[in-house]
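In the two assemblies presented below, chain A is common to both, partnered first by chain B and then by chain C.
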Partner chain A sequence: MLQCLGCILVVFATTSFGVSFVMKEKFRLQDLKEVETGILLLQNQVRYIGAPLGEVMEGIGLKLNGMVGEIFARIGSDLESRKGESGSVIWERIWMEEGRYTYLTGIDLDEIISFGKTISFLERTGQENGLDLLLISIRTIENDLQSKMSKNQKLYGSLGVLSGLLLVVTLL
Partner chain B sequence: MEINIVFQIAAVGILVAVLNQVLIRAGREEQAMMTTLAGLVVVLYWVVEYINTLFETVQTLFQL
Partner chain C sequence: MIEFLKTYIPNSIWDAIERDSRFTKDEVQEVRLRIHKPIAIKYNKKQYFLNHDDVTPKEMSEIVAKLSQYSLYAFAEELGQGYLTLAGGHRVGFCGKAVYRNGQMDGLRQISSINIRIAKEIQGCGTQWIPYLFDEDQLCHVILVSPPACGKTTLLRDLIRLLSNGVDDSGGYTIGIVDERGELSATEDGIPQLDVGLCTDVQGNCPKPKGMQLLLHSMSPNIIAVDELGKAEDYAGAMTMLYAGVVLMATIHGDSYDSILKNPYAKSLVASMERVRIFILSQENSVGTVEEIWNQSGECIYQRKVI
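Now for the complex of A and B:
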């Protein structure tokens, strides 16, 4: 009876491990979509309204969900506090500090941080071009991720179950 | 020697074969090979004791 319970626990644990890999990719996709929404909102603000960047970032932070929203809000509040740091330094610092609490990988964060160099340095057209470039990179990553996700979902699920069974047979 | 060892080896063989196929279909040939090698090592670990006993028995039997 106890052996049976142990076997079930081992298989459940390894299956959950496999499923957690799939969920990690799902949450990464969600975070990327939030960043894409934030960048689109920023693009509209830069293109049509031209409000101060700090105010814009805080507004975007309120509209977005999760950690990405908090990052945008923090960037906005740091810009508003006017401590002498430039926009690009604030953008880079906060994404490097808080980015590790999101599901975004190093590649995603590199793309987002490199956009920061266009903030507060270039004129409006340059910033719009920078935003367009970032949107293209994010959408490319999202498309790649979505096509890999459906394949990986089945793979990690079955790998989890099979490795659990293998462990059970080996240890019994 | 218990009969259970035979069933265990058979189960490991089947599971390793299925894992191998799943990994190859997913394009991960290296991981598939590693899984096969791991299964082989595990089974050899179980069997080496019996092989040792076999050699000792042969030595004793033929007084070598």
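Now for the complex of A and C:
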């Protein structure tokens, strides 16, 4: 009885481990989608209303979910209170400080942070073009991630179960 | 009064301003920053150089970024006109390299100098002049004339406030302000930050001719006030108000009554006014000194006594 319980626990643990890899990618995709939404909203605000970045970011932060929303809101707040030499400095600082609390990887953050180098000092068209480029990068990452996920979902799930069974067999 | 500057300028420059004991912070009129030049403070008609290193390009870039809220694209139109207005009505002038698009100036790049003009609200500065605004109990049109930085806008604002709140026991006049640059009322989120009276409506960020038409058609004003008539269209718009029976209050750049007569637009406007009071201001005694007041007949009805 105890052995049976132990086997179930082992298989459950290894399966969960496998599933967590998949979930991590899923959450990463969710965060990327939030960033994409935020950038789209920012692009619309810049294109049609032309409001200053601080004002726009705070509003966008309220519309987004999770940590990404909080990051946008914080950037907006720091821009409004002018807590940096330039918009790029504020953008980079906050993404580096808070980005680790999201599921975004180093590659994702690099793309987002490099956009910050063009933030604030370009005229409207330049700003929109910069946002377009960032959107293209994010969407490319999302597409790659989505195709990987559909393959990996089954793979990690199966690997989890099989490694659990292997452990059980080995231990028994 | 100048604490707001702390948000826009590097800490080292702010510390230098605070440490300087040659001038009273509340009386500072202008702060001028030029790349590779010392920082100049205008106070009481004199200019002082701060005890600070020359402004570096990096500092200028930081100041411009903060003044434009890190969003140069959002202020392209204002920069194209060479200035923007901060919360509180303070005007910042820029000099740099003009950018042209389709033959029109589209903006400024490589900004090399900035002039921050500190706005001041002096409530009560217009009280002694209210009686001069009336001719046989009829309110006259009012034109305030002076060179730059002599207090035209400050005096106009106070006259608006006094008339809007009501003189004697009568209720206030309904006043519409066309605040194209936000200096008269310093609106933030649509709410005037400076006191322009209880019965005043503000049309902000709008060209003067259009703003005057909008106010006339929608707000039924007794008085329409505008700051700095300059372009031909501004004067044409002002003329339309005269035909509509609205009292006009405006400021014009000039240094004397003769300068108004030499300006063909101003001369034509004044000639069309049945009753007018033309105030000539200077900063001889202090900023906002009324030197003379002229009426529609070309008579000087007030002249400052020089002791």
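Just so we're on the same page, the second predicted complex is superposed on the first by the 171 of 172 C-alpha atoms of A that agree within 3 Å, B and C clash if a C-alpha of one lies under 4 Å from a C-alpha of the other, contacts with A are read in each partner's own complex, and residues count from 1 in each chain.
Rule of thumb we're sticking to: a contact is a pair of C-beta atoms (placed from the backbone, for glycine too) under 8 Å apart; a residue touches a chain by one contact, two chains touch by 3 or more.
If you're wondering where the values come from, they're calculated on a predicted model, not measured in any experiment.
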item	value
Three-chain arrangement built on chain A, chain B and chain C clash or fit	fit
Partner chain(s) touched by A:Gly76 [first = chain B, second = chain C, both, neither]	neither
First (chain B), second (chain C), both or neither touched by A:Ser163	first
First (chain B), second (chain C), both or neither touched by A:Glu85	second
Touched partner set for A:Gly130, first chain B, second chain C, both or neither	neither
Residue contacts with chain A in the superposition, chain B compared against chain C	C
First (chain B), second (chain C), both or neither touched by A:Lys151	first
Touched partner set for A:Leu172, first chain B, second chain C, both or neither	first
Minimum C-alpha separation between chain B and chain C after superposing on chain A, in Å	48
Touching both chain B and chain C, residues of chain A	none
Residues of chain A touching chain B in the complex	151, 155, 158-159, 162-163, 165-166, 169-170, 172
In the complex with chain A, residue positions of chain C that touch it	7-8, 58, 61-62, 65-66, 68-76, 106-107
Footprint of chain C on chain A - complex, ascending	46, 50-55, 79-82, 85-87, 90, 119-124, 126-127
Residue numbers on chain B that touch chain A, as the complex places them	8, 11-12, 15-16, 18-19, 22-23, 26, 39, 42
